[in-house]
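Presented below are the structures under discussion, each in the form of structure tokens.
Two complexes are shown next, each including chain A; its partner changes from chain B in the first to chain C in the second.
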Partner chain A sequence: MQAISFDQYRAGKSIIHCIDPRVKLLLTLLFIISNLILPDGGWIVFALVLACIIALSQMSSLGWGYVFKRSLIMIPFILAAVTIIFTLPGEAIAQFKLFSWELTISDAGLIRFASIFLRSWLSIQFAILLAATTPFPDIAHSLRHLYVPQIIVAIILFMYRYIFVLGEETQRLLRARAARSARIPGRKGGSVLWRAKVAGNMVGQLFVRSYERSERVYQAMLARGYQGEFLTVVPHHMHQKDWIAALIAVIAVGLIQAAAILL
Partner chain B sequence: MPIVHDKEKTEIIDPCAQFEGHGNVLSIEGLHYSYPDGRKVLNGVSFEMEWCEKVALVGPNGAGKSTFLQNINGLLEGEGEIEVVGLQLNKENLPVIRARVGFVFQNPDDQLFSPTVYEDVAFGPLHMGLPEIEIAERVDRALGQVGMRSYAQRLSHYLSTGEKKRVAIATVLAMDPSMLILDEPTANLDPRARRSLIKLLNDLPIAMIIATHDLQMVEGLLPRMVLINKGEIAADGESKEMLRDTNLLQRHGL
Partner chain C sequence: MLLSIINKPAELHIPDGFLSTIVALVSWVIVIILLGFAVNKSKEKLNERQIPLMGIMAAFIFAAQMINFPVAGGTSGHFLGGALAAIILGPWAAILVMTSVVGVQALLFQDGGLLVMGANILNMGILTALIGYGLYRASAGKSKLVRYGTAGAAAWLAVMAGALATSIQLWLSGTSPAQFVFPAMLYVHVIIGFGEALITVGALAFIERVRPELVSDETVKDRGGKAWIIAGVVISLLVVLISPFASANPDGLERVAEDLNFIGAGMDAPYEIFPDYTIPLLGDSGASTIAAGVVGVAFVMLIIFIIMRLVSNIKLGEES
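Showing the complex of A and B:
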């Protein structure tokens, strides 16, 4: 079962793990929204948020190192914002030539970019912490409790359940190809075009298999009384600790926002 | 000292006694079925089965075994008269029939579509509209019956094939069926998982019809055997006798 690496959840018994998933989901969203509305260049506030996430990751027994490593995944995405450095009007700091373009780095642009970078980086860390301390089905169910439409939650849950199965199916296909990709010494393998065709056939094969599987799954659902409406059992209950955690987090976000306004 | 109940062993009351002499759990009269492309799969199959009877359905690949099974609870709609658990198979009765006929599919990955074991076993009772307390009781009982109680909160895709099979059976047991339909239950199982699955099926006091190529299981578990070939019932009789008739078996690709 090589597909295990898909799952972000790291089991544990820390305070963070034990908080009700609905509370965790809401607080994560709250922190992310709070991050997004922080002003440009509010370095002290950014540091404050960073302190928050470090404290939370330490409390979760994962340690901030784990969260930090995972957070690097967002770096390629932030490149989309890199043009801001050159396009925002402001005092020129440096100038250089790239191919035929004359690029000017402005101070306002640099500050804006650094702020966007930090905001995204901090936000993703909260999301990582949520995913690492909450089993995925719980996150999906919390969405249901927060009135996300049934069908969307059902799609997310099915995707989660079958991505492993599809991953294994793909691996089997690749293995079957590798096992028959023999070569006689002195002869070349097939042409690039031919290989592309084989790969294309495999993708098609995978689609047909998933389609057929979806029919079988649907039959299995019908056989057990599914009549078009998806129901779920409700395993979650709010405890005192959940309310306390929510209260502390809301106060923290309030302080962060107050600091952003005052500083 | 308090009395400690062994939770893994659920006391099963024998429900067969009440059906003694009450006719058939399943009777099929002249069932025809063809695929949408016109290819004929079943050519007038007639079949009867008593309450609590355990029947083997054997036949070569493509004989129509799976198609036959899927007609029993209306997953496929063929032509012919079908009466299941005392009810005429029609649109109106379909939900009740599906609640009382448990279908265990060949591939447990198709059957277990929920993220956790608990949710999957709860799916049937939940869609029967039962109250939450009873759902929890039924899930607990069904998982106990297949010896998987400690797996309730596990994620389905991390289970082994044998474990998945057991959970798949629990998903239908939770619906309290009068009849089980199993498609190749012992396929892909290692010998030990296979033995324990056969024992589990043997201990369940309900009617079951099992499509299989596992003739060894047929001999030990299923007293009656129905041989199906080219969409027709080729032979129907006592398993032990039919299994000795190598001529018959070979003629029908077994």
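Showing the complex of A and C:
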């Protein structure tokens, strides 16, 4: 695996790709906030939001299949909410025994769990769409327009530049460890403590390599005229299409919220 | 992709939708104020040379989280890195670095949500920096054994603090019932924290062998005043006191919270200034909930701001 495959951006020329990154970031946040305040059990509204995200994914030339597949990364976390099914007081739907526990599924618990899951699942899809249709430096740059402090944006830009380099460095370390870890059948490997020590040395090694790289990078940047400020040659102007996209999205969110109150 | 699911310390990266709006907002407020101080401090203390360093350190933390080691039965130990970052970079720089790590994980990889990013930064970046640096600062100048012991304990406690804070947020949001979330999260992280401690000590020992000047006692002391020790010890004590109580006796926790008027039906917001978090004029709508939230958030903001002013004044006094 190449570390460059970390990048989530999928180049394209669709309408969604072309919207100003600042607008896209704000609209993504708007949709996520709108999802968060949807009431429990508002299935029709959840379906409306899903229709929105499917339409947007199709318009973006990625297709909803891509977004759906990526959205599965949130699945492990639903463990955190799953127990609410059994503990929220409500009418019992089913009852079963697990080891020595008597578990009762309540209707209120099931509705609460499904609502948390859906809100989260719908929200992550908007975030995926943003990352897939916007080059990361543009996202970082629009953070600057949203008053995120310069130093944090600069760190984020550097980090983005170097996660691929250090990611590959790490893969080399991991490969080197694997190559030296031949196992004779029937014999045990080192103790957990010893393994942890190896991992600790790898982290230390990675740190020293990263630190020395940062010294070289700084020297190289100085040589090219760096004065502590990042400049961009991409001007950010709001075009008519950006205003129209923003207007349509705000109306969509308004309708979703109206539906949530009325239904 | 399946590999990336298994291979990430995802337990602490809360996705959007798992925290109530009010819990997410309050976390953001705390984080924004602390970040404000960190940004100001970095202007005072750091020159433009530190920016490439901190950026590459953020990438280092991200890459180091890929390094795992087999424990037993197919499970593996992972590395979160907050405590190590605080020890080798100092508290303010570590807060900025960990914030960037959490930010990029959320924006680029959707590992952790956008609106709940405040909570994730608080749990994985700020608590870890406070505990990691605060405790290690106390041991600066002592023997290797004491320092490495402290670093290990700090790394373990930092993971426990993150797990405890995550559990509290999930519980106050009405996402997870107290009797499950506290024991589950805390017991799992007792073990994860152990791996974190071993890797942190191993990495620290390695760095001290290869580049001793980066972690010398003077460097460590130079990066923050003694107020950090107090902050680190107080938070560690809170973690040590609350964790066993919360995991062994969640009903008690629930009762305390109810007595203090913290939770209504177990799923409402952490405080109740307005009945059901709505402002009467606006009626029972999403907008009203948000407005009530904003007022509450402004109140919390004021309190934290005052506390932070006090803390940073004490610190400045010591340095001069």
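Rule of thumb we're sticking to: the second predicted complex is superposed on the first by the 219 of 263 C-alpha atoms of A that agree within 3 Å, B and C clash if a C-alpha of one lies under 4 Å from a C-alpha of the other, contacts with A are read in each partner's own complex, and residues count from 1 in each chain.
Heads up, the rule we're going with is that a contact is a pair of C-beta atoms (placed from the backbone, for glycine too) under 8 Å apart; a residue touches a chain by one contact, two chains touch by 3 or more.
Computed from a predicted structure; not experimentally measured.
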First (chain B), second (chain C), both or neither touched by A:Arg213: both
More chain A residues in contact - chain B or chain C: C
Touched partner set for A:Pro137, first chain B, second chain C, both or neither: first
Partner chain(s) touched by A:Pro149 [first = chain B, second = chain C, both, neither]: second
Chain B versus chain C as contact partner of A:Leu157, first or second or both or neither: both
Touched partner set for A:Tyr66, first chain B, second chain C, both or neither: neither
Contacts of A:Gln8 with chain B and chain C, given as first, second, both or neither: second
Contacts of A:Ser120 with chain B and chain C, given as first, second, both or neither: second
Chain B versus chain C as contact partner of A:Arg224, first or second or both or neither: first
Overlap of chain C and chain B interfaces on chain A (superposed complexes): 136, 157-158, 160-162, 165, 213, 217, 221, 226-227
Chain A residues within the chain C interface of the complex: 6-8, 28-29, 32-33, 35-37, 69-77, 80-81, 83-84, 87-88, 112, 116-124, 127-128, 130-131, 136, 139, 149, 151-152, 154-163, 165-167, 169-171, 173-174, 189, 192-193, 195-208, 210-211, 213-215, 217-218, 221, 226-228, 257, 260-261
Chain B-touching residues of chain A, taken from the complex the two chains share: 1, 3-4, 135-137, 140, 157-158, 160-162, 164-165, 213, 216-217, 219-227, 229, 231-234
Chain B residues within the chain A interface of the complex: 70, 73, 75, 95, 98-99, 102-103, 105, 107, 109-116, 118-119, 122-124, 126-128, 132, 135-136, 155-158, 171-172, 175
Chain C to chain A touching residues, read off their complex: 1, 4-5, 10-11, 13-18, 20-21, 24, 35, 39, 42-43, 47-49, 51-60, 62-64, 66-72, 77, 79, 84, 88, 96-97, 99-101, 103-104, 106-111, 113-115, 170, 174-177, 179-181, 195, 198-207, 210-211, 214, 267, 285-286, 289-290
